[in-house]
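Quick one: structure below, then a few questions.
Chains here go by letter, A, B and C, matching the order in which they are written, and residues are numbered from 1 within each.
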Amino acid sequence: MPDILLSTENLCKSYAGLRANHNLNLQLLRGEIHALIGPNGAGKSTAVAQLSGELASDSGRIIFEGRDITRMAVHARARAGVSRSFQVTSVFDEMSVLDNLALAIQAHHGHSYRFWRAAKKDRFLNTQANTLADQFGLEQAHDLLAGTLAHGEKRQLEVAMTLAGNPSLLLLDEPMAGIGPGGSKKLTELLDALRGRYTVLLVEHDMDAVFALADRISVLVYGEIIATGSVDEIRRDKKVQQAYLGEVC
Amino acid sequence: MLLFFEQLLNGLQFGFMLFLLSAGLTLVFGVMNLINLAHGSFYMVGAYVAATVMLASGSFVLALLVALLVAAACGLLVEVIVLRHLYRRDHLDQVLATFGLILFFNEATRMIWGRQPLFMQLPEFLSSTVEVIPDVPYPLYRLVIIGVGLAVALGLYLLINHTRLGMRIRAGASDRSMIAALGVNIRWLYSLVFALGALLAGFAGVMAAPIFAVESGMGESILILTFVVIVIGGIGSIKGALLGALLVGLVDTLGRAFLPDLLQWLFTTSSANSIAASLASMSIYILMAAILAFKPRGLFPV
Amino acid sequence: MSSINRKWIFLLVCLSLLILLPPVSQTLDESYLISSMTRVLIFAMAAISLDLIVGYGGMVSFGHAAFVGLGAYTAAILSFHINDGSPLFTMPFAYDGTNQLWAVLLVAIGVAALVATLTGMISLRTHRIHFIMITLAFAQMLYYLFISLDYYGGEDGLPMMGRNQIPLIDSGDDTSFYYFCLLVLILFIILARRLVGSHFGRVLQGCKYNEKRMQTLGFNTYRYRLTAYVIAAMGAAVAGVLLANKTEYVDPGLFSWHLSGELLVMVILGGMGSIYGAVIGAIVYLLLEQIFSAYTEHWMILLGPVLILVVIYARHGIYGYLQKLNQNA
């Protein structure tokens, strides 16, 4: 019996009659890096937003750690261990790198109805934020404003923030978006180091990264999953080659 | 029952006047994403100019034409001198700058016309009454306002849905960069839309001049109602503005007319009157809060 | 000299000027200055409370005056009943009102918190322009409510029979009252600066920059924003209590959108999101008002365009400008 961390049952979403996702059935095994690939407009980002709770699903269920979280609020899911990154970098430009990370950690560390002591002097948050920054190659950038970072570094920070508070599931929405081959190789290494410790749903267009990282791959085309399997299985799959990979490989 | 129909007509009349104001405001927001607190100033300018011209010439038609022209010209000037710089700013900046405009316009009217309110006489041909409902004479002028409101609503519908200009306005509202790419001069379009909004507000001012006292600051109390209207209707939607305006006009008028009796009947205490008065003036805000609580973006979100 | 030192020196100079104002104005025989500066200090408190939600929380409230009004009316009504002898309410126990400032403050803060919680719960479901409008609408609601309260003067307002009693201080003496207000203002600044630097403050700023991201990080942003909204309302109510004490008179105009607009202007003019800016903004705005009105009764015709120029050209306000000078020096 495989250890399933998250599964969706017939999850659907349409916008104004337009079908974005139809009967999505996805199973994420604990500890795996599961890539979700598919052509543009296939519904990958919609799927991530449904899992994180930003988009309410029209029908179907999401089971996470044995609990039905289909109607759970975004912040509650995050605290339960579902953490996501954004395709469009969503770091706090006006705050320093460490403050960004400290804020992310703060979200999982008790409540923040603390009005008096300076947050910047919180030892616990600072130590954790330092560790996280160093782990993601940002050791030179601790005190820089996030807005001043190079794009690649911003992407690293974006992913680092999702790791705050030790989530059990990472939803990474195109972490390599726009960072070029060098940056993408570095981020691939950083993500590879997470293998086994986190369950990752990786939405990515960069096929080198996908093939290097993924334990399993699901292919999403027009809102429906047409195949799920190991890298080799997917490479060999006729339907996939037709619908999607044919153009790439 | 007859009284009820009369108040219903009053409510409709007030609603259509609010619509004249709301249409321009919501159009400006929809197309330029601009929140203009000074919209009520054009209403005030329209009323003042109309009252003055009427007094001097005795001609209502002339008063109307001059007032519309001046209101539109004021709108154009304000757009070119001030607001043009604020389209890309956040709403806070727009609120503040147009707040400054209000101070300016209010004080300017005080300097020109003094602190005493003006009163505008209705011309003969509008001051008669008609019996829409048998045996209840109803002022013709109020019916005229309803007619004007209907005509403007229809005109705007035709303008926006069936003309080239309307197509550009719709395109501008949905995608700014696209319309620029199409080669439409967006500056000119914005100025035009703004002037149109100011003209409609001025129109409302002319219509209001014979009914209310024409005084400095008259724009604000009605402006806040106008905001309630467009927020209820969904900011940017003309259809929403029409529905919201009628809703607010009716609720406000009927509330003021019947709440005191209703409460007296319920409580039969002396305090019923004062409670009713405050409830009546609060009713539209309660309506707005209730609608926003369930539909945070209004009835017709754009 | 480091820029941090310069900042503290600047603040110290400002503080000394404020402390020295009463003796100086008395020597110059211009004691009306004390009264008008007391007003400035009180408005600075209200502006600080508004800066918390506008400058740090990104919530542009156009109805903040409502809470100033609630505070002011609380003071006036409690004092009205104690002087009048009639009970304010008889159920569940009889209460005659009070004339003690600390008690008035407690009641005012409680009332403001209650009203802010109720209105905030609805307002904060909306965003951006809708939030501006709905806060305005709630303030208007209270404005009309107090106009219709004939028992408390209705449109004409309600005079207070003398100021509330403050322990150890002769509140009737304008100079003592000025120093008391200065003390409260300093307290406001300290509390507000602590708050914005705290864990809560960091969350609040996060909500301003990117609320969606904050939710995906695991923050219940609605509750944090509501808390900030309530705190700001409580601050405004304190300012309202002091304002009523200063003028010994309240009227529904305190709830007006005009006053809400002026408070926003102070925050922006001074430079939002810095707390000190709100204080500077209140000082400069009210001084401008006085200077212009000394020249002409039509001073608003000058003030209006000045506001527009400030918005168009001085986006970070006076404090932002000072900071830039400081960094470049």
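Keep this in mind: contacts are C-beta pairs under 8 Å (C-beta built on N, C-alpha and C of every residue); 3 or more make two chains touch, one makes a residue touch a chain.
The structure displayed is predicted, hence computed values, not measured ones.
Engineer: Please find the path from subunit A to subunit B through touching chains that uses the fewest steps, and give that number.
Structural biologist: So the least number of steps between the two chains is 2.
Engineer: Identify the chain pair with more contacting C-beta pairs: B-C or A-C.
Structural biologist: Ranking B-C and A-C by C-beta contacts puts B-C first.
Engineer: If you average the Cα atoms of subunit A and of subunit B to get two centres, how far apart are those centres in Å?
Structural biologist: So the centre of subunit A lies 49 Å away from the centre of subunit B.
Engineer: Just the number, please: Cα centre separation of subunit B and subunit C in whole Å.
Structural biologist: Using C-alpha averages as centres, the distance is 32 Å.
Engineer: Centre to centre, by mean C-alpha position, how many angstrom separate subunit A and subunit C?
Structural biologist: Distance between chain centres, rounded to whole Å: 43 Å.
Engineer: List the residues on subunit B that touch subunit C in their complex, please.
Structural biologist: Result: residues 29, 35, 37, 82, 85-86, 89, 91-93, 95-97, 99-108, 110-111, 220, 224, 227-228, 231, 235, 274-275, 277-278, 281-282, 285-286, 288-289, 292-293, 296-298 of subunit B touch subunit C.
Engineer: Going by the contact rule set out above, which residues of subunit C touch subunit B in the complex?
Structural biologist: 54, 60, 62, 119, 122, 125-130, 132-134, 136-138, 140-141, 144-145, 147-151, 257-258, 261, 264-265, 268, 298-301, 303-308, 310-312, 315
Engineer: Under the touch definition given earlier, write down the residues of subunit C that touch subunit A in their complex.
Structural biologist: Residues of subunit C touching subunit A: 194-195, 197-203, 205-206, 209-210, 212-221, 224, 227.
Engineer: State the interface residues of subunit A toward subunit C in the complex, per the touch definition above.
Structural biologist: Against subunit C, the touching part of subunit A is residues 52, 54, 73-76, 78-79, 83-84, 86, 90, 92-95, 99, 102-104, 106-108, 112-120, 122, 161, 164-165.
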